[in-house]
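Paired with chain B in one complex and with chain C in the other, chain A is shared by the two complexes that follow.
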Partner chain A sequence: MLPFILRRLLVETVPLLFFLSIFVFVVLRVLPGDPLRAIIGDEITTLPAADRLVLMHDLGLDKSLFLQYVDWAGNLLTGDWGRSFVSSKPVSEAIGERVPVTLQLSSLAWILSVSLAIPIGVFSALRRNTWADAAVNVFALMGVATPNFLFGMLLILVFAVSLGILPTNGFVSFAEDPVQAVRYLAMPVLALATGTMASLVRQTRSAMLEVMNEDYIRTAHSKGLAPRHVVIRHALKNALLPVVTVAGLQVGNLLSGTVIIETMFSIPGMGRLTVNAIYGQDYALVQILVLILAVAHVLANLAADVLYVRLDPRIHY
Partner chain B sequence: MADNDTNRGWNRRFARRSMLRGAAFASAGLAGAALLGCGGGKAPEPAGNRAAVTGATPSGVDPALGAAAGAGKKIAKGRPGGTLRMGWYIDDVAAMSHMANGGAVTPQSHVSAHSDSVVYGSADGKISPMLWTQWESSDGQHIVAKLRPNLKFQDEWNSPLDAAAVKWSFETLRDPKLAPRFTTYRGLYGSMFAPGGVEVVDPLTMKINLRQVDAGFISNLVAGLPNGQILSQKHVETYKDKEFSNPRFHGPYTVENAKPAVGFTSKKFAGYWGGNEGYESYLDAIEWKIIIQSETRAAALRAKELDAAFWREADSVVGDTMKEKGMQTVLYDSSPHALNLNHVAPPFTDLRVRQALAYSIDRAKVREVAYGGFGEEMKALVLPFSFGYKDSDPYQYNPAEAKKLLAAANIKPKVTYAIVGAPPPALANKWAALYGEMMKATGFEVEVKNTPNIDDLPRETPWVSGTTIGQRFDAYGSWTLRATYEGEIGQKTRANQPGDPPELRKIQDDIDALVRKGRGTLDTKQRESIAFEIADMYHKNVMGNIPVTRTRGTLMARENVGGMDHPDMGFPLGSGRPRFLWMKA
Partner chain C sequence: MAESNVQTLTVAPAVRSLFGRTTMIGKLLRIKLAVFGIAVIGIVTVSGILAPVIAPYSPEALVTYRSEPPSAAHWLGTDELGRDQLSRLLYGARASLAVSTLAMLFGVSFGSALGLISAYAGGTTDTLIMRWVDAIRSVPGIVLPLMLVMIIGGSIYTVALALGFNLMTSIARLMRGQAMAMKQRDHILAANSLGATGLRVMLLHIAPNCWSPIIVAASLGMSAAITAEAGLSFLGVGVKPPTATWGQMLSTGLAAIRSAPWQVAMPGVSIFLLVLAFNFLGDALRDVLDPRMRSTINK
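Let's turn to the complex of A and B:
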C-alpha cells in the first residue's frame, strides 16, 4: 500500500501540481485586467509612470513571465508563499486563518452526509416500493434539485428568524467553544450537506438494490444467515464501492459549495477568500489557493482508492 | 460589497471612491468661498452630552459631531453608553477601515468613526471646522490652516496630532511602496501638492502650497483626503508591517479585534480631541459585523442579532424589511447611475446616434425594474444637493424621436453592451437586459459582452455600459477632480487622440478650457455659471454619459436605536455617521 501511495503522490500528484501551477500562473496573467488596478483602483490611470514602475518592480511584475514563475515556484518550495497583492498580508497567514474554518465546515458536512446517507439508502433499498422508500426518494430528489443557497435561506428563516434558536450567521471554532460551534455550524453544515447527502442516498440505494439481487446474497439467505448479517456483511460491503467513489468526488463539490454557504452564513473561510482573491486579481493568493484545492481533491481521491483495498480484498495496487 | 457593493462597473473601487468623492463634492459649493476668505473661524465650544439644543449631537453646534444643531433642527436627546451592533455589506479589504485603500473607502460610516477629516461636510452642504479650526487663502493656491489644539493619536504613546504629523502623513504616505493604502496621495490628491508642499509654521499651523490655484481644494478635503490617512509616524515606524493590522488613528473610536471577513469593534477613544468632555460620541462601542448577503443581513436584523445595518443600494430585501414593525429606515442618496458610451467610436461619433440613445432610455422603467422603485430619476450627472447641479439633460424618454434620429442618420447602429467588472455590479445583468431591450426597441442592434475593465475593450468598440458612477459628476463640478475624471474614463473615450472626429475634440477642448477657468475662479457665482455651462455642453452633446437614476443607500435600525432622525445620518453619499447614533436602552 505504501508504495502505491508514494507512487500516486510522486508520479501523479507532483506532476499534476507542477502543470497546474504553470497553468494557473499563465492564465491569471493572460486574462484581461491589471493587478495594479486591483491594488490601487482606478487611480492607476493617474499613477505617474515612475511610481508604476516602482510598484511593478516591488511586486516582481516587471520581469518576464518565465522569471516570475521561477521566482514564485522557488519561493514556494522554500516556504515563502509571498504576500497578498491587495492586503499586503503574507499569503500563508491569509490562508492559514481561513483553512481551519473551511475544514471544519466541509468535513462536518461530509461526515454528516455520509453517515446519514448510507443508512438511509440501505433502508430505502430494503423497503423498495413501500411508502418509506417513496419518501426517501422524494427527499433525495428534492435534495439534489434544491440549490443549497435556497435551502440555507429557508433554514435561516425557520430556525433563526422564526424560532430564534440558532444564529443567522457567523462562525465559532470548536477549539474556542464547542457548544457555540455546533450552534453556529448547524445550519451551514446542513445546507452544505443536503445535496451531497441526497446524491449518496440515491447512489447507496441503487447499489444496494443491485447487490441484493446477486446470487451470493440469495446464497447467504439460504444458508440461514441473519438478515442483518447478510445486509451488513455481504450486501453493504459490496455496495459501498461505488458509494465510496462518489463520496470521494463529493469532497470537491463540498469545497465548491463552501463559496456559497460561507457567503450566505458569513463564515470567514477559504471559499470567500478565493472569490475575493479572484475578483481582486490577487495573483499571489489565487495561485496558492488553487494549488491547495487541487491537493485537497487529490488527497480525497487517494483516500477513496486506499479505502477500496479495505473494502474489496480483490483489489491490489 | 461589494456586497451589493461589489460594484465593479468601473470596478468596485470606482464606486467606492465615487461615494467618497461624492461626499467631498456635496459641499463643493462653498469651497470657493471658503478659500477666498476664511473658513472655520471660531472653534466650537464643547457643550456636553446634556446639550438640549443639539439633541443627538453631543456638542451643540460642534461641527465635528454634526451640523444639525446649527441648522436649528430639534432632534431627540441622546443617551451615553451602550454598544451598537451594526451589519455591514462589503467583504474585502475595503470593509476594514484600517485596510481600505485611500480611494476605496466607501464605508464613510466606519471610516468616520475612526478618523476625522480636516474639515466637515454636512448634509446641508456646509463646510465646517473639524481637525482644522480655521483656514485661509488669499490666492487659492497657498492655504494656511490651523489645527485644533490637544489632538492626540490613539497610539500607545498618545502622540500629538500636530502640523508635523500632518506634513509627514501627506508627504511620506505618497510612497508607492505603501500601496494599497495610500494611493490617493499619489494618484489624485498627490498631484495637488508640490514637493515640500506642506510647511510647518508652528505646531498647530501649516501652510499648504498647491501646484496651482484650486478653488475646489477645501471641498475635497471634506472626506476624500484625510480619512484614515493622517497617521502617527511613531506608530507606523514602530509596527512596520504589523501596523496594517493594528492601526491607530485619531477619531472618536479605535479599531479593535479586526478580523478579515468577520468584522471589527470600534471602541470609544478616551483621548478624542484631547479628551475634552462633550466631544465624544454617545456609544461606548460599535461592533461591525460583515454580512455580505443582503437576505442574511436582513434576517440578522429581524432576529435581533443586529441593531442596525447598512445597504449599499436599496433592493427588494430592503423593501420587505422596512415594513417590519418598529424598523427605522434612512434612505440616503447614493451614487448616480448613468449609461456610459464610447462616444469617439463610430457610430457614436454621430451626434444623432448619441441623441437617439439618450432618447431611448426610459428612466422610470430603470428605476422600477433595477432598483425596485427606490431610485430617483436623474437629469444631471451630479446629485441635486451638489454644487453645479442643473437639470440640464434635454433628453426625456422618446422612442419615436430616437427612431427619427436614426432614420435621419441612416444608420442601424451595432453596439456592444458591456457588463463591466469582475465581479460585475449586483444589478449589472438587470441593467444589461433593460438597456438592451430599450435600445433594441428604437433600432439599435445590441451585443452583450462581459469585461473586467472597460479599458480592456478596443478603443474602437462602440460600447455602452450602465454603471454607478462618481467621477463623472465631478467632471463639471469639482475642478480638482477633473483631471482624474479625464484620466480615468478618458483612456478610451476622450476625444483628444489622433483619429478622433475634430468636432468632438473641439467640444472636449472647450470643456477643458472651462474646467481650467473654473478651477482658477474663486468667485462662487462665477464658478457656478461655469459649471452650468460645462453641464450643458456635456448633455447636449451626449459626451460619454447619459444620466439615468440615482440610487438609494439604506440604513435600517431596530427601535432600540436612537439618533436615526439626525440629518447627517442620511448624509448624502456618506453612508451615515454612526457617531450620531445612541442606544435607547
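Let's turn to the complex of A and C:
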C-alpha cells in the first residue's frame, strides 16, 4: 500500500501541483488588473511614476515573470510563503488561523452527509418501489438540484427569520463553547451537507439495487443467513465501492461550497478568506490558497482510492 | 382530396422519423421527468426571449420609492431600489440562460477538441494536455471562475468564459476517454490503413461515435453553470449590476430577508426549477442515449 501511495504522490500529485502553480501564477500576472490598487486603493491613479516603480520593486513585481516564479516557488519550498500584499501579514499566518474553522465546517458536513446518506440509500433500495422509496428519491433529486446557497437561504428564512432560534452570522469554535458552536454551525453545515448527501443517497441506492440482484446474494439468502447479515456483510460491503469514490469526489464540492457558505454566514474560514483575497487582488494570498484547496481536494481523492483498494481485495498495487 | 392524401402521406413518415418510438426524441418524450424538464426549459427560454415584450416595466426603472410586497401593480413586489421584481425575473432568465448556454458551448467545443487531440496524438502531447486539465480540475469548483471573473471583470461573456473553462476540463477528460476506446476499433484501423489523414480520422471516424456522453454532460453542465452563475453573482463578482440576473436578485434579497422575504422567493424558485429541469433532461438523455449506463431515474 505504501508504494502505491508514494507513487501516486510523486507521479501524479507533485506534477499536478507544479502545473497548477504555474497556471495560477501566470493567470494572476498576465491578465489585466493592478495589484497596487489593492494596496493603496483608488489613489493609484495619482501615484507618481517613480513611487510606483519603488513599490513594484519592493514587491518583486518588476522582475521577469520567470524570475518571479522561480523566487516564489523557491521560497514556497523552503517554507516562506510570502506576505499578504494587503495586510502584509505572513501568508502562512493569515491562512493558519482560518484552516481550523473550515476544517470543522467541512468535516462536519462530510461526516453528516456520509453517515446519513448510506443508511438512507440502503433503506430506500431495500424498499424499492414503495412510497418511502419514492419519497427518498424525490428528496434526493431535489437535494442534488438545490444550490447550497439557496438551501442556506431557506434555512435562514425558517430558523432565523420565522422561528428566531439560530444566529445567522459568525462562528464559535467547539473548543470554546460546544453548545454555541452547534448553534452557529447548524445552518452552515446543513446547507453544505445537503447536496453531498443527496448525491450519495442516489449513489448508494443504485449500487445496492445492482448488488442485491447478484447471484451471491441469492445464495446467501438460500443458505438461510439472517437478512440483516446478508444486507450488511454481503451486499453493503460490495455496494460501498462506488460510494467511496463518490464520497471522495464530493470533498471538492464541499470545499467549493465553503467559499459561498462561509461568505453567506460570515464564517471566518478559508473560503471567505479566498473571496476576500480575490476581491482585494491579493496575489500572494490567492496563489497559496488555490494551491492549498487543490492539495486538500487531491488528498481526499487519494484517500478514497486507498480506501477503495482496502475494501476491494481483488485490486492489488 | 387527392392532394391532401398526398400531404398526410409525406408528413406522417417525417413525423414518425422524428418522434417515433425508436428515435431519440420519441424515447425522451416517453420519460415523464424529461418532459417536465423540457417544458420548464422551454418556458424559461421563451420568457427570456420575450422579456422586452411581456415585462410590465423596464428591469432597471425605479417604479416605487422603496421595497413593496406583491400587489396588483407589481405581482412579485419590488426590490430595495424600487425596481419591479417580475420584470427583473424575466430579464434575469435571459441573462442566466445566455451565460449558461455560452459557457456550455464554449466548454463542449474546446473540451471536445482538446480531448480528441489528446487521445489521437497520444504520447507527450497527451500527457501535457491531460496534466494541465487535471491541474485545473483539482481546484474546487467555483474558485477559478471567481478568480478569472474578478480579474477580467464581470459581463455575460466573461462569466460564460470562466464557467465554460471549468466545464471544458471535464468534457476534455470525458472525450479523451471515449476517443481512446474508439481508437482501438477496427474501423479506425481500416481508415488509417486506407491513408486517411489524422484530421479526417478524428473528425469523421472518432468524434461522431463519442457524442452520447458529451450530450449528457452538456445538459448537466448547463445546470452546473446556472448554479455557478448564481453563486458568482451571489458573491458579488458575477455579471455587473444593473443587469438583472437571478443570482444577483437573490444576493440583494438576502440583505433584506427579514423585512422583505418576497425578494428572494421567486428568483430562488426559478433557479431551483431550471437546475432541476436540466438535471432531469440530463438523466433522461443518459437513459436514452446509453442503455448500458445505469439508469438513475427509473430504477
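Here is the rule we go by: the second predicted complex is superposed on the first by the 317 of 317 C-alpha atoms of A that agree within 3 Å, B and C clash if a C-alpha of one lies under 4 Å from a C-alpha of the other, contacts with A are read in each partner's own complex, and residues count from 1 in each chain.
The criterion applied here is as follows: contacts are C-beta pairs under 8 Å (C-beta built on N, C-alpha and C of every residue); 3 or more make two chains touch, one makes a residue touch a chain.
What you see is a predicted model, and the numbers here were worked out from it, not measured in a lab.
When both complexes are superposed on chain A, chain B and chain C occupy overlapping space and clash. Touch criterion met: A:P167 reaches chain B, while chain C stays clear of it. Once the two complexes are laid over each other on the shared chain, residue contacts for A:V54 go to chain B alone; chain C is not touched. By the touch criterion defined above, A:G224 lies against neither chain B nor chain C after alignment on the C-alpha atoms of chain A.
Touch criterion met: A:N276 reaches chain B, while chain C stays clear of it. In the superposed model, A:P268 lies in contact with chain B only, and not with chain C.
Touch criterion met: A:K89 reaches chain B, while chain C stays clear of it. In the superposition on chain A, A:V27 makes contact with chain C only, while chain B stays out of contact range. In the superposition on chain A, A:M153 makes contact with both chain B and chain C. Clashing C-alpha atoms between chain B and chain C appear in just one of the listed stretches 56-64, 218-226, 362-370 or 488-496, and that stretch is 362-370. Looking at chain A, you'll find residues 31-33, 153, 156-157, 161, 263-264, 278-279, 281 touch chain B in one structure and chain C in the other. Across the interface of their complex, chain C is touched by residues 12, 15-17, 19-20, 23-24, 27-28, 31-33, 141-142, 144-147, 149-150, 153-154, 156-157, 161, 202, 206, 209-210, 252-253, 255-256, 259-260, 263-264, 274-275, 278-279, 281, 286, 290, 293-294, 297-298 of chain A. Those residues of chain B whose C-beta lies close enough to touch chain A in the complex are 6, 8, 10-14, 16-17, 91-93, 99, 101, 103-104, 176-177, 179-180, 183-184, 186-188, 191, 241, 244-245, 259-262, 289-293, 295-296, 299-300, 302-303, 305, 422-423, 451-453, 455-456, 471, 483-484, 487-488, 491. Interface residues of chain A facing chain B in the complex, by the touch rule stated above, are 31-34, 37, 39-48, 51-52, 54-55, 58, 86-89, 94, 97-98, 153, 156-157, 160-161, 164, 167-171, 263-266, 268, 272-273, 276, 278-281.
Taken together, the chain C residues at the contact with chain A in this complex read 131-132, 134-136, 138-144, 146-148, 150-152, 223, 227, 230-231, 234-237, 250, 254, 257-258, 261, 264, 268, 271-272, 275-276, 279-280, 294, 296, 299.
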